[in-house]
């Protein structure tokens, strides 16, 4: 991989824009979808946008802290996904659906 | 540090005990673990003041990931204390499996990380470590739809706000090149002094704040909290209302005062506006609720608005005000939620009617009720007043308009807090539900009332403690 | 080549960004969750490619293993288990779509506008080897030992929680119609 | 210090004492009264604040600081004299122990209000005094008591929040090391605009408590629906908190804004005089009449105080005392009637004088006091007040003077219709004699009415020098600014 050329010919702002776009796509998904599993996927997408941003900053600055942060985000995302899916399965058992729109029982 | 280790090991021990033993046995172990952890807080405090940090700690906790300075210890102490009361008072529920207790202890671990982090990575891990067990706790009444809803809402909103929070962190990392609180403080100091407007840092701060507002349920981002509070089992609700709030505000305070104090002009106004909006909205919304649990949920939104003021204040004043307020809020919530929990027969119906004729049947209970509600409403000589007074006092010089709004909010809050008195005391001759308190309940409630009154009458028991000023 | 001439950008970046965004859009707009998962896996692959270009080989691999390999397979597994497909995919109102586009678009515009000239602030100091397994591992087990160990607590908690939610209570309340489907 | 602690402690004990609670409460309250009298005997009117007790409390800036001057002493005397009487009035019935506990607790809180020389302490006791009366009105009131009490509480609570805001603002302006003490707050210099804003907060609190006309919305209903001892506490003592606040805290703290506020207060006060009297004349409910007459009286007092003249302040103080005594006496008498005849509507009463001569003699003396007949306690105070208002503004003085006529109309109407005339109540025959505690309470009140009607100078001597000092303080801070 011709890595030098990336840093010299590509500005960091492109990565910022790319991850912003990714994050916003994820946000759009969170706002529009109602299937809990898809929502979870959209959140994963947002997390990945953040990861990309961290890696880009970290590489451009030559500082390893950002990459380590990404590592921890991945770790935590795995744990979170496990718990989240468990919750979704639990709900599916009760209501036979994963539609979060059904959950408007509690209103005030 | 020791407290964290003790609680972590204790959690594992509780889980192991829970395999074979009857469930009831694991509660004393969990309580003992927490009390042991609490004992180490003052010891660490003294050690820190006299610079006697033990060698092993320096040796085996290699870098500045966690810093157990005195503010961190103070918040940790309150947090552990609140956790003890949650476990002790809400143990009569059917749900006291060892696994749930273990999860609560894990969650407390996360809270301790949030009070003492000195690196954004640790803050992130702390938030997650606090919330992941809570998602499970919120849904621990598995066949109850309300509990299910609470779990899924809490989970989705929680991970969503984490993503937002992380985006903020990423931008700030890009703008300053560091994740460490000290180097962040140096970087922002430079930015502040040189008058550079770093767009990356500004955008990052804004996004970070939004993430935090989600976590603490401040006004435009509060909508999840009443549903979650309402749907969760009572024990989980109280845990959220006390331990989680303490941890979240300790973290918020630490982050903004340690790292971003030199660029206060960039974020102070946002927080002031959000604080005002939260106070007004929380109180007005609470006024319209029929269910008492929801009323308390909205009132906790309003309380979050008050506590935001501490972030605006100068570090020293803000710290004490926040600490006193957190103590007041935690203990009064605990006592009120306890009474609500016990007066509701079964799981349903947390309306104000639970308290009908309460005052005629329960002398001690009504004392607790009155003191708890007074403290919530901020009537003098209760801890709530001391906390509110500290907060108001710390911002009066800079944000007089915020003070006016906060006072207005207090006046509104009277209307719904005192609604309970109507049911409890003014309701004619009818008899209310008789509380059945065992020895531990009585002692713990008594202690809670004692704390509220002591802090209220003589706040210097807290504010007189010696602290090393924040860096 | 043409694009490289027009934008002055490396072709690799362009191609993979294109794939990333396209797949991400597919994830959020598709009605069938199974396809969403597959598209998401593709997204992760292209993001891994970005990592490689950015000299973060370790993370590129971890990303593939953890996200594409573990998390997404978990998703797929649950989807198959619950037998969710296009038919029972909930629909939302059209106006809500519009509002969501508006919200996300506003965020994007604000971000883009605020970050317009921010790139100068990043000092360029690309060190070649920070993203390699060797150097990252070294940092991870010295400076970042505490968080590394604490993530163990996190995993333990998550594991206990997932088991707790997944298992069925013995002395159970009657769960609604639980005969046909048998999750976990 | 002990003046605050003894009543509150005895209240706490009384709350749990069951049968003995009334005696414990009475004892605690009388001991406090005796203490106040000993203070009086050692008191030297020419000096400023005396018996100062000063300890750091909330923080180094906020002290527990108490002390009295002539003004405070007079009001202390009033409270600690009236509370035992109020306790006596509640004595006979099978009351819960909580009643007595709350009444003495209230005495302690009020002592705190009148002793406080620290801004925050004043605020705290100001709030505390609200709580017992809230529960009294809520638990033993009649009618739609929850609505009434919550309205009462919110009105006064909003007012006191204004007080808190203003005090906090002044506190933030005190020079380093900042302090909440009265002297420090008085020394703060404000621009006129600031002073008007700060004054608005203070005035809100006091005007609601007094109540001055547009803020009186809570008052009549609360008076009518509260139990009799509650009405006594409210009218006899609570009102004085507002008036005292006006003298002690409002005037010296924002002297810069006085030229703006004083004419307003005078006008509103006089409007209150006329309005209250007008409604009182049309009312049929005995308690309602006394409630509105209170509104009328305090309006006059507030107007007199706001003239800031020596006569006005002296008259105001004197009238505060006598109004306290008279109002308590009237509510006492109404309570006695109501307890026996189970009604207090004017046209269902009448002819009581024939069956209860002793009672009617005591009653008429109280009525005379309230009407300010010469040689009763109401007279000198009212005279001084009218004189001061007249010299403040002649027309306003004349309008205020109407109060004498109006007051005579409604008071004599009250007395005549209830005591003389045809007996419209079939229970009248069983009216019976006064019980010992009723007789004792009324006698004491009547003695006071007559004694201080004849020798008002004893009271004026106590407060005179203090008032002059206060005027000096106000003048000084005014001068420095201009």
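Odds and ends about this structure:
Letters are used for the chains, namely A, B, C and D, taken in the order the chains are written, and counting of residues starts over at 1 for each.
Rule of thumb we're sticking to: a contact is a pair of C-beta atoms (placed from the backbone, for glycine too) under 8 Å apart; a residue touches a chain by one contact, two chains touch by 3 or more.
No experiment lies behind these values; they were computed from the predicted model shown.
Seen from the Cα centre of chain C, the chain whose own Cα centre is farthest off is D. Across A-C and B-D, the chain pair carrying more C-beta contacts is A-C.
Once CA atoms are averaged chain by chain and compared with the all-protein CA average, the nearest chain turns out to be B. Chain geometry summary: the mean Cα position of chain A and that of chain C are 4 Å apart. Centre to centre, using the average C-alpha position, chain C and chain D are separated by 70 Å.
Chain B and chain D have Cα centroids separated by 43 Å.
Centre-to-centre, using mean CA coordinates, chain A is 27 Å away from chain B. Contacts with at least two other chains are made by residues 121, 125, 128, 132, 135-136, 139, 142-143, 174, 177 of chain B. Chain C has residues 111, 115, 118, 122-123, 144, 147, 151, 154, 157-158, 161-162, 165, 175-176 in contact with two or more other chains. Residue positions of chain A touching 2 or more other chains: 12, 16, 23, 26, 40, 57-58, 61, 63, 68, 72, 76, 79-80, 83, 86-88, 90, 94-95. Viewed as a contact network, the protein chains fit none of the simple shapes, being neither a path, a ring, a star nor fully connected. Of all possible chain pairings, those that touch are A-B, A-C, B-C, B-D. The touching residues of chain C, counted against chain B in their complex, run 110-111, 114-118, 121-123, 142-147, 150-151, 153-154, 156-158, 160-165, 169, 172-176. Chain C meets chain A in the complex at residues 8-10, 12-13, 17, 20-21, 24-25, 27-28, 33, 36-37, 40, 43-44, 47, 50-56, 58-59, 62-63, 66-67, 70-71, 74-75, 78-79, 81-82, 84, 88-90, 92, 96-97, 99-101, 103-105, 107-108, 111-112, 115, 118-119, 122-128, 130-131, 135-136, 139-140, 144, 147, 151, 154-155, 157-159, 161-162, 165-166, 175-178, 181, 183-184. Those residues of chain B lying in contact with chain D across their complex are 363, 374, 379-381, 385-386, 389, 392-393, 396-397, 400, 403-404, 407-408, 410-411, 414-415, 418, 421-422, 425-426, 458-460, 463. Taken together, the chain D residues at the contact with chain B in this complex read 16, 56-59, 120, 123-125, 127-128, 131, 135, 138-139, 145-146, 149-150, 153-154, 157-158, 161-162, 164-165, 168-169, 171-172. For chain A in complex with chain B, the touching residues are 12, 16, 19, 23, 26, 30, 36, 39-40, 43, 46-47, 49-50, 53-54, 57-58, 61, 63, 65-66, 68-69, 72-73, 76, 79-80, 83-84, 86-88, 90-91, 94-95, 100, 103, 105-108.
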